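Take a look at the structures listed below.
One chain, chain A, links the two complexes that follow: it is found with chain B in the first and with chain C in the second.
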Partner chain A sequence: MTFVDLTFFVCAAIAIYAGWRVFRTDSMVRASFFLLISFIAVGIIMLLLAAVYLGVALFFMMAVEMMVMALFMMMFMMNPAGLNPMNMVHQEKVAMGIGIAAFVALSGVAVFGDFPSRPVPDGLDPVVSLGKELLGNSMLVFESAGVTLLATMIGVVAMTSHRGRFGEANEGSVPPGLEPGGDPAGKPQENDQKQQGHHHHH
Partner chain B sequence: MSLISLLIVAAALIGIGLYGAFSQQSFVMLMMGLELILNGVMLAAVGFWAMTGAGAPEGQLLTIIVMAVMAIEMAMGFALVVAVYRGKQADMTESLSGFKH
Partner chain C sequence: MVETLFALLVVLGMLAVGSYAVAVIDGAAGAVLGRTAHSNVFLLPIYQCASFWLVPANTTEAPDAWAWRLAPVLYLTFAAMGLALVPWSPSFIPVDLTTGIVLWGALEPLATVAIFLHGWSANSHFPLLGAYRYVSLGLSYILVSMFVLIGVSLPAESLQISAVVESQRELWNVIRQPLGLPLFLIVGLGISFWGPLNFADSSDLAEGTSSESSGRAKLLWQFGRAAMLVAFSAIGASAFLGGWLGPVLPGPAWVILKTLFILVLLLVLGRLLPRLSPDRFLTLAWVLLLPLAFVDLVWAGVEALP
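What follows is the complex of A and B.
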């Protein structure tokens, strides 16, 4: 077994195990770091395959993206630190079946498929060939990706705005009930005020 | 490291990602499932480029496009989380009951 094979199997095991742990940890922040580990392992496999630019780009992109994700976890989640056990899932059996079915089907394609063996020729610089493609024949595709990203930025700013076309974005917003279909959580102030003799006429 | 083993690893990542995307109630965890699917797709694309493509640069270009899709998915997903939180004060998929028929 060569060094490349050994590194590949270690990285593949890390990528799959960390990917699985994303959905099996109590802490949302730890989940985003497990996902980062999975991406870094895949990036190392890309480096082994001589896709130097893509592997390194994956490292940088995912490091930043997972930091943003961890920040969002802390802003929105009820259990970011993992102090309580947590398992927030629905239709888990169906989801597990879909995942296993997809794995079996795609592995079947991998094992029984008939793929040609045409490795990267010696002397080809993957980074140079990618750069020539991006700024040559595939320039329209590359530029379209840039325009799409710009459209995304504008759409994201519009979606997250405090004020929409129809008034405040959080108008009439109430917290969800503690039980499904129950009263909104954290709203006993109205009753307190009535007991204290304040009368509000609506 | 053969094409078969690479594709099986990619299939495992896609399967785990599908499980997460279908089972998680929180929007951010759901997005992690989608990211894991794209992770497997990128690995398969690079594997095909390296083993069967004879160095055709379009294989690498496909991975760049998947990375752009990933960035767009993250940005739109976080914007959705913020918008849903403004309206429902929760980030669970169940809070979007208006989408049920």
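What follows is the complex of A and C.
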């Protein structure tokens, strides 16, 4: 067994174990970072496959993505520290069925598939050829997608920003009530006629 | 095999000597600028290390023990990986990856994850606030750094750090792309949360992410910050000051001199620059620094046109 084989098996084991832990852990933050570990192990396997750029790109893309995901999930979960235990799975029977079916199908393709044997030529520079592919033949597709995404992001920020061009982001919004249909929680009463009357009623 | 061992020793030596140099230069800068009491700047770091080493480790109620122990180790590891990417001479480069610039760009977000984990895992208020605050700022550092680094790889037509150094044979990037180095220095102060950009471990949060850690864990964390600053200086020296290129002296000597120059600059700036509130700095980062990084990138692109 060569060093490359050994690295592959270790990284594959880490990727599978960390991927399994994503569903067995009890915190959004831990789940995100287990997923990050899994992706980093896959990135190292891609480096072994001589995908030098894609492997390293996976590191930084997944690091930023999982960081942002952990943060946003905690904000939406109303679980500020993400340390409160919570269940990471729902509809687990269906998910397990689909997961096992997908694993068997993909493994079947990997094991029984008839792959062409085309060794990479000696002089091939993977980074340069990837750059030629992205900025040559497929440039129009990638650039249109990239500019569309950028425009969407800037548009969303411009519309939702607290000091954006459409005024206060939270204008007219009220926090949810503590009980269904109840008064907004933790917000001073609006000073208009209706709210005043409401006050008198109490 | 011998070469690999030697490269490993060089990286470990950089970690130790560089971090000590950070402590000495920072102490000397503080003494010269009259910000700290006069004491022996060469011995003080050693006393501080010894005191951290001997203090018992603190623990909190129900921390994420694994993440709390691992976060300082990870942060130091990312700094060491950055140092391993530094080319010393055309023939001696510990890790000469064809995508070295991208790997350095990946270490910055990974360091952000380590800083967040350090604050989050303590299960305590101030560390968590420091962690949130750092992440909200971290994205702007990463974006600025990414554009600046794309800028230096344009004239080199390569993502390899040694090729970036070689591309500066006629003219260093610090002159060719004048906005690059200042922006990179700001990112360096931000990611090692040093001086005015110490938002993660700042005193208004009772030392933020490290307010609950003590003893050897804290020593490791401070060691990691200093090492990250050294890694930033060494990568900055390679990307903007022509790395090993220079007359008379051999390549590695130039790398050390240029790294020390950037390190001193960073530490003095860390002492002199005013501290902004985090939300003001966030506005500054998105409204001023990020557009400046775009200008730098366009500048680099126009300049690199054949």
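Keep this in mind: the second predicted complex is superposed on the first by the 139 of 202 C-alpha atoms of A that agree within 3 Å, B and C clash if a C-alpha of one lies under 4 Å from a C-alpha of the other, contacts with A are read in each partner's own complex, and residues count from 1 in each chain.
By our rule, contacts are C-beta pairs under 8 Å (C-beta built on N, C-alpha and C of every residue); 3 or more make two chains touch, one makes a residue touch a chain.
Small disclaimer: the values here were computed from a predicted structure and weren't measured.
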Item to complete: Could you tell me whether chain B and chain C fit or clash when both sit on chain A in the superposition?
Response: fit
Discussion item. So in the superposed three-chain picture, is A:Met153 touching just chain B, just chain C, both, or none of them (first/second/both/neither)?
Written reply: first
Practice prompt. Have a look at where A:Met67 lands relative to chain B and chain C in the superposition and call it first, second, both or neither.
Written response: second
Discussion item. Is A:Met46 touching anything from chain B or chain C once the two structures are fitted on A? First, second, both or neither.
Written reply: first
Discussion item. According to the stated criteria, A:Val89 is in contact with first (chain B), second (chain C), both, or neither; which is it?
Written reply: first
Worksheet item: Who does A:Leu36 touch here: chain B (first), chain C (second), both, or neither?
Response: second
Discussion item. So in the superposed three-chain picture, is A:Glu143 touching just chain B, just chain C, both, or none of them (first/second/both/neither)?
Written reply: neither
Worksheet entry | chain B versus chain C as contact partner of A:Phe59, first or second or both or neither | second
Worksheet item: Does chain C touch more residues of chain A than chain B does, or is it the other way round?
Response: B
Fill in: Distance in angstrom between the closest Cα atoms of chain C and chain B, superposition on A
14
Fill in: Residues of chain A at both interfaces, chain B in one complex, chain C in the other
53, 57, 68, 126
Worksheet entry | chain B partner contacts - residues on chain A that touch it in the complex | 4-5, 8, 12, 15-16, 19-20, 22-23, 28, 31-32, 35, 38-39, 42, 45-46, 48-51, 53-54, 57-58, 61, 65, 68-69, 72-73, 76-77, 88-92, 94-96, 98-100, 102-103, 106-107, 109-111, 115-121, 124, 126, 129-130, 132-134, 138, 141-142, 145, 148-149, 152-153, 155-156, 159-160, 162, 169-170, 173-176, 180
Discussion item. Under the stated contact criterion, what part of chain B meets chain A in this complex?
Written reply: 1, 3-26, 28-29, 31-33, 35-36, 39, 42-43, 46-55, 57-58, 60-61, 63-65, 67-68, 70-72, 74-76, 78-83, 85-95
Fill in: chain A residues touching chain C - in the complex, by the definition given at the top
27, 29-30, 33, 36, 52-53, 56-57, 59-60, 63-64, 66-68, 70-71, 80-83, 125-127
Discussion item. Looking at the complex, which residues from chain C come into contact with chain A?
Written reply: 62, 64, 67, 97-99, 102-103, 105-106, 108-110, 112-113, 116-117, 120, 123, 128, 132, 135, 138-139, 142, 159
